[in-house]
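Shared between the two complexes below is subunit A, which has subunit B as its partner in the first and subunit C in the second.
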Partner chain A sequence: MTSYLAATSLEEAVAALADGARPIAGGTDLVVGARQGKKPLPEALVGIHRIPGLNGIRDSDDGLEIGAMTSHAAVVAHPTVRNRYSGLADASALVGSHATRAQGTIGGNLMNASPAMDTGAPLLCFDSAVTLASARGTRNLSLADLWTGPGHTSAGRDELLVAVHVPAPPPSTGSAYVRLQYRRQMEIAVVGAAAVVTLSEGTVTAAAIAITALAPVIHRVAEAEARLIGGKANAAAIASAADAAAEASRPIDDVRASANYRKAMAAVVARRAIETAISRAGGAEVEIPASESTYGS
Partner chain B sequence: MTIADSQPFIRPDGKEKVTGAGRYTADLNLTGQLYAKFRYADHSHARILSIDTAPAAALPGVFAVLTWRDVPAVLYGGYVQDRRLFAKEKVRWEGDVVAAVAARTPEIAAEAAGLIEIQYEVLPAQIDFEANAAAEAPLIHEQWAEYEADESVGLAGNILGHSSVVKGDADAAMAKAAIVVKSRYVADASQGAPIEPRAISAEWHGDKVTIWSSTQVPFAARSGVAHALDIAESQVRIIVPLLGGGFGSKCDFHFEAHIAALARATQRPVKLVFSRREEFLAPDHRREGMIIELETGTDPAGRLLARRGRLVLDKGAYCGEGGFFAQMAAMHACGPYKIDTINIDSYLNYSNSQPSGSVRAPTAPQACWALEQHMDEVATAVGIDPVELRRLNIIEEGDVGPTGQIFEAIGAKETLTAALEMIGYGQELPDDEAIGVACGWWPSFGSASGAYVKLNSDGSGTIITGAMESGTGAVMGLPLLAAQTLGMKPEDFSILYQDTDAGPWDMGSSGSQTTFNNGRAVIAAATEVRSKLLDMAAEELEAHRDDLVLAEGAVRVKGSPESHVTIAHLAGTGEPILGKGSGVVPDSPEVDASTCVGRLGLESFLAPQLMTQAVRVKIDRATGVVQVLEVAAAHDSGVIVNKIGADGQVYGGVLMGIGQALTEATVFDEEGRQRNPDLLHYKLQTASDAPEIQIRWIEIDTPNAGPNGSKGVGEPPSVPTPGAVGNAVAKLVGRHVDRLPMTAERVWNTLDAARAGTP
Partner chain C sequence: MSVPASATLLHVVREQIGLTGSKEGCDDSECGACMMLLDGEPVNSCSYLAVQADGSAITTVEGLAPGDTLAPLQEAFLVAGGVQCGFCTPGMLISATRLLRDNPDPTTDEVRLELSGNLCRCTGYDGIVKAVMEVAARTAEKSAGD
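Showing the complex of A and B:
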């Protein structure tokens, strides 16, 4: 029998976690997974939706602070996210369906640690960090150090993700997240890629590229980034970086796609993400989500 | 009456369904109920050595554990009786039910089901349904020769059914043809995938059982229970609360007897609710995989001189109601075309995978997808536009069909013209877009059916029917016909339906025939009521019966409108005003099919429905992802009785057809286990994927058809869609994608092969 507590303060929540309870945010991974027989519901659950301050986006010159309980729908609707962190808006816009986006949270997405999660790659490319709180205290952790494997994080079982910090990118930065999907709602990334690119007079001064659903954890691809940084943002460089992203992938064969197809598609989505990030860096408007706007390109 | 004069009628069950107020079978709870859980086969093919239920029975909270020992030794199945409620000697697919548990909670039931110990001798899973026909292939049903089987089905070992269509000498004509084209296409199995997973509750009162079931065919479920439990049909009452879709997959008798047996053994009501996973795995009902080999010979202008074909269909482990598939597929390999000579063989083979059963237009979308792509290949070989080839060969009134049927007035050619006009065929398109066209056909099914109509004391009416509302709106549309007959408003009627103790026998929501047959029955019943009203009014108004008309809720004397009496007045006299009827079932057209084998009565198409769909698609060449942007659907379904309802069937059918075309397939591993029994990996189309769909009804007052000259509507809309999409994709890819569904990866591989020029 599962016990459930709806915590009304952070203290109450982390105390429950210290006693072995598991947090539940929107429940779209946890509950749906339990009903599908993936993993039974934990013995003790602590709801975190009533804790003040966990839900919402604080936007400052330094960057964004996104509360763990912020829904994907709220992320996509936020004007600053759309303009300056478009890659994250691209990702949240794709999550599941209208209902999933209204219910699912960014904290749940990151902590579920699926290699196919959509917000992971853009947040990684923005050099984001998370704040973890427990009865022992609070610490910040780079997102790159959070995921350790499919469904696994380096966070302690008593730690609650409180917020995600996204540092403000320099001017003339554009970002994008593109995934391969077979239908327009209720889909999970077959493969995906994010890019954050900063330009100065047509030259790439900074680039971050990460791949989704192509390895046990979402990760950046330094080789792909290296092929862009310092050079002109032209088609050859973009293609070369996209190829590097594909080469770094370790795709699986499953019912959704063969490894061979996934690898080839890695290059396609990486190219589209980089192209879109570059055009956004140059001030172009590309509709969100970029996956749809780059269809056929 | 045509569309022009039929008023739009909003279905009365719509609001409760969309607001969540409606009650489905799983919503029903009975005092003291237990929960059922099945123990399924652990292997796709294995001999059962022993079953030990004791560990399950010993679990606290378990009330009964049943196996084959606990039910009558009865075999069942539509055309071949090859299945038991519980597997005995062998399991033949992963969903075979070996045992059933009833327990205090669903959790205990599930745990107990897992505790049953079954020992097997595992046999190789025979998934390759084509190879299973080989003489040396081990038999899936060793006792096949002892089974009761319909003689014309053609059961022989692992071949459950064989049908052929033979017209003239196709070999000779092929040899003389100027152009000969051969193709091979393979379609994967797919699912009906209703959003409501099935549920059943059963409760006994003495020796009578009431069963609430999410079935599309309550009367077939009733006879299944009576047969399997060896009791009379009068002891079984099937009630269907609102049904959350079926798309054919809830046709046939499925699990009602298992639950009734549990309820009898425990003397308690028992409830079964399937998980989504079970809804995929356990029903002996999915759309069949198919291999389609076609060869066509034409004259230099493209006139079809000869068609040869060989079809192999995957029957899966058991017959169920799908024994007619070989014959139906053979007709769809001919298509709605004039062909001088034909020789098609069609086989329905057993395999160790999920049994196939009727899913919306069984066999047709796959066979049509192959045929229509083949037709485009023929057009290319002839050197004419694919549309020209169809215009040249499509059937018209007076033409002779594959089995000698002579067609009455039909609008096949008109559907072609209309679809092309709506889509703007021939327009300039960007280089990643193309238009594909496909034609198709589907029969209407004549069947006995019955209804009662009675008037209430305030002049409102009640229709009592055996027909089943699976969500198509067909039953919801019946008041239109009663109202039309009686000069009343459709809103004046309530409907009592989906209860086998109330309405007369009906074949259920299958074969697109509810309006066709039950509509006729309702009109017949309403006509009896009308006659009674006229008699009563004639007396009351002291007028001659022939001078009376019924309109606007009253009986009036023609020419003197003041002289009238309201229906409410007549109904309020207390005199019972009742009607019953079934009408005369239209006869199937005559055939001359003496040379055909495996004749199951489907070798002519009664009141054939004809359709053409043209689709505009866009391809993402880098990924192979195809989006359907626009569909133009032109259908001859005879006269349209209820336009809103008919349009709804086209919207849904087209979307289902797009799913079959692009994303929907059940994928099996080497052992015959489904790899994607969930709604994330079995990819239905969503509302966001829906293209713009334009509809045109070619209304031809059809003789020998349904009410008002109508034909069926429900199944045909998904028949030509995959073929039309396939033809559009082929224009963009440079060759035809020969596997269904045409998934992104398959399209991408075909693009690759086309570029490289490899076969």
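Showing the complex of A and C:
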């Protein structure tokens, strides 16, 4: 028998976690997993979706603070996210269907630690950090240090992700997240890539590139970034960086694609993500999600 | 009423409340046959715990029509042949209701994209898309006439 507590405060929620309960918000991973028979529902659940203060996006000159309970729909709809953090909007716009985006939260997406999650790569490229809260206190952790493997994080079982911090990018920065999919909704990335690129008079001054569904955890590819930084943002440099992203991939065979296909497509999605980030850095309007408009390019 | 913590919203609405309009298709959040509105926002109710909806307003297909008159979308689905076996229809109607609320004048591609979370195994999508476009066009005409 599963028990359920509807937490009305963070203190109540972390106390329940300390007693062994597992958190539930939109339920889009936890309940689906249980229905599929992957993993039974935990014995004790604590509902965190109505805790005041965990939902919403705070936008300042320093960057964004996204409450863990913020839905993907709210992320996509936020004007600053769309303009300055477009890669994140690209990603949240692709999660599930409009039903998933209305209920599914950014905190749940990150803590589910799927190597195929859409929001992971852009948030990683923006150098994001998360705040974890427990009855013992709170701590901040860079996103890169959160994921340890498919479905695994470095967070303790008594810790709750309460916020995501996204530092503001410098001016003339563009970003994009692109993935391959078989269906336009209720899909999981077959392969994906994100890029955040800063330009100064046509020269790349900063670049971050991360790959999705291509390794046990979403990660950045330093070699791909190095091939862009300091040079002109031209087709040869972009292709070379995309190749480096593909070379760094360690994909698996599964129901959605073979490892060979993923490896072959890694360079394609990386190129599309980098090209789109560069276009946006130069002030071009590219529709969100970029996957739709870059398809076939 | 009291519900088991592990019961899904779909199960409680169908079995405990007795409103059987919403359907269990895939039970896996893939097909959208169970789609309802939770405080106005769509939810795949097969994948949402009923306890979490405590205090929320739920709208199922039964709640779309005011009294005995069909809602414009329901009427349009009938006229355009958007109903074949009918199993996906309740979820389609909920999905389309939410779509037209947020985007009253969609393009055909926007309708196809937004309804992609709802599967029709009769593959009768053309009639469904026509029905939604028909209601959108009528609404646009009406507001232009005001």
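Keep in mind that, in the parts below, the second predicted complex is superposed on the first by the 297 of 297 C-alpha atoms of A that agree within 3 Å, B and C clash if a C-alpha of one lies under 4 Å from a C-alpha of the other, contacts with A are read in each partner's own complex, and residues count from 1 in each chain.
Note that in this section a contact is a pair of C-beta atoms (placed from the backbone, for glycine too) under 8 Å apart; a residue touches a chain by one contact, two chains touch by 3 or more.
Owing to the predicted nature of the structure, the values given are computational and were not obtained by experimental measurement.
Chemist: After lining both complexes up on subunit A, report clash or fit for subunit B versus subunit C.
Modeler: clash
Chemist: Check whether A:Q103 is in contact with subunit B, with subunit C, with both or with neither, and answer first, second, both or neither.
Modeler: second
Chemist: Kindly classify A:R183 by the partners it touches after superposition: subunit B alone (first), subunit C alone (second), both, or neither?
Modeler: Touch partners of A:R183: subunit B and subunit C.
Chemist: Applying the document's definition of touch, where does A:I24 land relative to subunit B and subunit C: first, second, both, or neither?
Modeler: The answer is second: A:I24 touches subunit C but not subunit B.
Chemist: Name the contact category of A:S154: first (subunit B only), second (subunit C only), both, or neither.
Modeler: In the superposed model, A:S154 contacts neither subunit B nor subunit C.
Chemist: One more residue to check, A:Q36. First (subunit B), second (subunit C), both or neither?
Modeler: In the superposed model, A:Q36 contacts both subunit B and subunit C.
Chemist: Return the chain, subunit B or subunit C, that is in touch with more residues of subunit A.
Modeler: Of subunit B and subunit C, C contacts more residues of subunit A.
Chemist: Return first, second, both or neither, reflecting whether A:H49 touches subunit B, subunit C, both chains, or no partner chain.
Modeler: second
Chemist: A:A73 in the overlay: touching subunit B, subunit C, both, or neither? Say first, second, both or neither.
Modeler: In the superposed model, A:A73 contacts subunit C only, not subunit B.
Chemist: Touching A:S3, do we find subunit B (first), subunit C (second), both, or neither?
Modeler: It touches subunit C, and subunit B stays clear.
Chemist: Just which bits of subunit A does subunit B share with subunit C as contact spots?
Modeler: 35-36, 97, 183-186
Chemist: Subunit A touches which residues of subunit C in the complex?
Modeler: Interface residues on subunit C, with respect to subunit A: 4-6, 8, 27-30, 32, 35, 38, 41-44, 46-49, 51-52, 54, 95, 98-99, 112-114, 116-118.
Chemist: Residue numbers of subunit A touching subunit C in their complex, please.
Modeler: Subunit A reaches subunit C through residues 1-4, 6, 24, 26-28, 31-32, 34-36, 41, 45, 47, 49, 73, 96-100, 102-103, 183-186.
Chemist: Which residues of subunit B touch subunit A in the complex?
Modeler: On the subunit B side, the touching residues are 275-277, 432, 618-623, 625, 627, 662-663, 667, 675-676, 678-681, 683, 685-689, 743-745, 748-749.
Chemist: Would you pull the subunit A residues touching subunit B in the complex into a rising list?
Modeler: 35-37, 97, 180-186, 188, 255-258, 261, 264-265, 268, 295-297
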